[in-house]
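Pasting in a structure now, in structure tokens, and then I'll have a few things to ask.
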């Protein structure tokens, strides 16, 4: 029973981090139509920033300032946002497909940087001894407290994005996505809004990266691979319903359940097949992506459902006011 | 000087591989109007089909190349029929996401069938031809000659096909304006099949060449996707001739860049070139034709 | 014909007839559904109700290449040449569905538009607007169609070129025996050479009569021919 409970705590924590990522992608793709398939870059930058700010100084590399955890989290958001700002500045005027390939390029360059700049990142050996939040609570309660931290942050991100979506800001983003604004606003304004959405989404991705790093306690360039950190998030958002805030969270939990369930399945494979387990699960991700697009294009909770809900609520509020 | 020429040779070899990938990407982009992100993984698939023919059926590599490429076309046509064709009426970006899914499925299949480890077509080391030059020497492996020669032959054949055959002209027409092609009476579904056929054939051969140049591994094509895209964009999307110039430019630039930057950042070069082109000449540098 | 795009019926019961050998002109205000009617005949707009028949056979909602094979050519209003193909290649594309020898058809096109023979190796994208229109019409004629649909063949052309274009259209009709259905903004000039004309408004037939009678009709003149 204890094992089951502690697995449940682990499951919710990781799914919660993925839900934060899914919400971040929803700001970029769902609301604004920005095609980012370099999520892993912003997650890795956030994770490394927070780790290097908070670990104890080391003899082998320059990072390691031993600062408190909250500083690491804020720093993670800032560096990811700064990276996104410069990437966005040069690429956000591009069509969706060109932006997509540009973000792949960014992810590749970040990977090379983390691997090669050993003076800063300790290279392929990675950085261990990452301080873990609530370590003082001990083996039993630490995971629970960490889970609560993830859930609180998830709730904060959810309500901020939900408010932003319903505010005029979110409507402008939607109009930009649907190309409705080009006649009303100058190209400059449109680009500014796209940049805001891109930077905001990337900052949240950086935060998720930091959470993940402190949850696991170790970072290395290989830990951030596009499959689990970019494409899994895409499947979550698309399956949940891109543009729909609740859908983004729901998709994250459901797909994480399928994904971790697939691990149980592959664990049952005969030993000679075990090395192929990762490949099987990669195929599963691809298959899920294609199947959702073919049979449930809008996702489980569609954006139009949500718009109908919004309109009904506004009507109710008006009636009450009037 | 010899060092420089040696890098030019490497650049031409890499350029040949990228060109074969970029032509197909550019054609599918121009005619089907979406960025086919599984293109790199089709390159991988072709390379592994050839590996089976060489290692298990003991066919010579030169005979394996066309057979493997044809087999890869079959897989692409299945993907088109089961997935892409059904989504063709939706937005191009949906097709793009679907092609990412196809890429993951292909890579997974390659890894399951052939294993995750690095493999080679023929064990042992090829003795290079050594050409003394000035203070040093230039080394060219026999495989390098096959790669460059093969690319040259295929590109010439493509040129003849596009310029002088009915279907080739129709492909160029459809790349220009698919709607007009339809009302002109061109059987566009047939042209789509030809586009997949030619694009994937060239990609598969490019993948095999990449395996001959270095080694085979399940992400060989995915790693090539970025420079292949860069080459296609540099040449102007939908322009097969531009893709040739783009492929050669990116290949040479990546290899020559090692003179001035850390070789481990080589992949960043194609990215930098691509971003610069997208900002300053979004229609491509070699898109000389007026439209 | 009733139909349109995405559930909106732009055409609300339009009725058009072209007899063999006729030139028929469709005029009407913007948004009347003129171009949509042409596209509907050619299977490019889904018809909810109504039929399109050609030579006694039903062609409603057929694929364009099947309609072309039956002898109906279509020249769209804009972007109607393949810019990166040569003039000769553009003409080849018109004959894509033909498996027989189409050299005689090409010679006829060159006789009709001699400038195209001179420019045959030039890229269509480098031609002037009038020459492009010739290429577009020539491409449709490569099939030796029985009926040619022209969507505003003189749009954006200089006045002198417009006269030439109308002369060519009449020649295609008389010399090659091709029936013609065209949408035209230069309504007076078009009606003068037409056998019959239709006036469409708001997706419906408003008037149909011979070209002469429509020109003489005061109401039509006031409302649609600019007084």
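In this document, chain identifiers A, B and C correspond to the written order of the chains, with residue numbering beginning at 1 in each.
Simple rule for what comes next: contacts are C-beta pairs under 8 Å (C-beta built on N, C-alpha and C of every residue); 3 or more make two chains touch, one makes a residue touch a chain.
This structure is a prediction, so every number in the text was calculated from the model and none was measured.
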Chain pair bearing the highest count of C-beta contacts: A-B
Most remote chain, CA-based centroid, reference being chain C: A
Chain A and chain B, separation of their C-alpha mean positions in angstrom: 32
CA centroid of chain A to CA centroid of chain C, Å: 54
Euclidean distance of C-alpha centroids - chain B vs chain C, Å: 42
Interface residues, chain B side, partner chain C - complex: 166, 169-170, 172-173, 175-177, 179-188, 289-291
Of chain C, residues touching chain B in the complex: 42, 44, 64-65, 68-69, 74, 76, 79-85, 89-90, 92-94, 96-97, 123, 125-126, 139-140, 143
In the complex, chain B residues that touch chain A: 34-35, 37, 83, 86-87, 90, 92-94, 96-98, 100-109, 111-112, 115-116, 218, 225-226, 229, 233, 262, 264-265, 267-268, 270-271, 274-275, 278-279, 282
Chain A to chain B touching residues, read off their complex: 35, 37, 90-91, 93-94, 96-98, 100-102, 104-106, 108-109, 112, 115-116, 227, 231, 234, 238, 275-276, 278-290, 293-294, 297
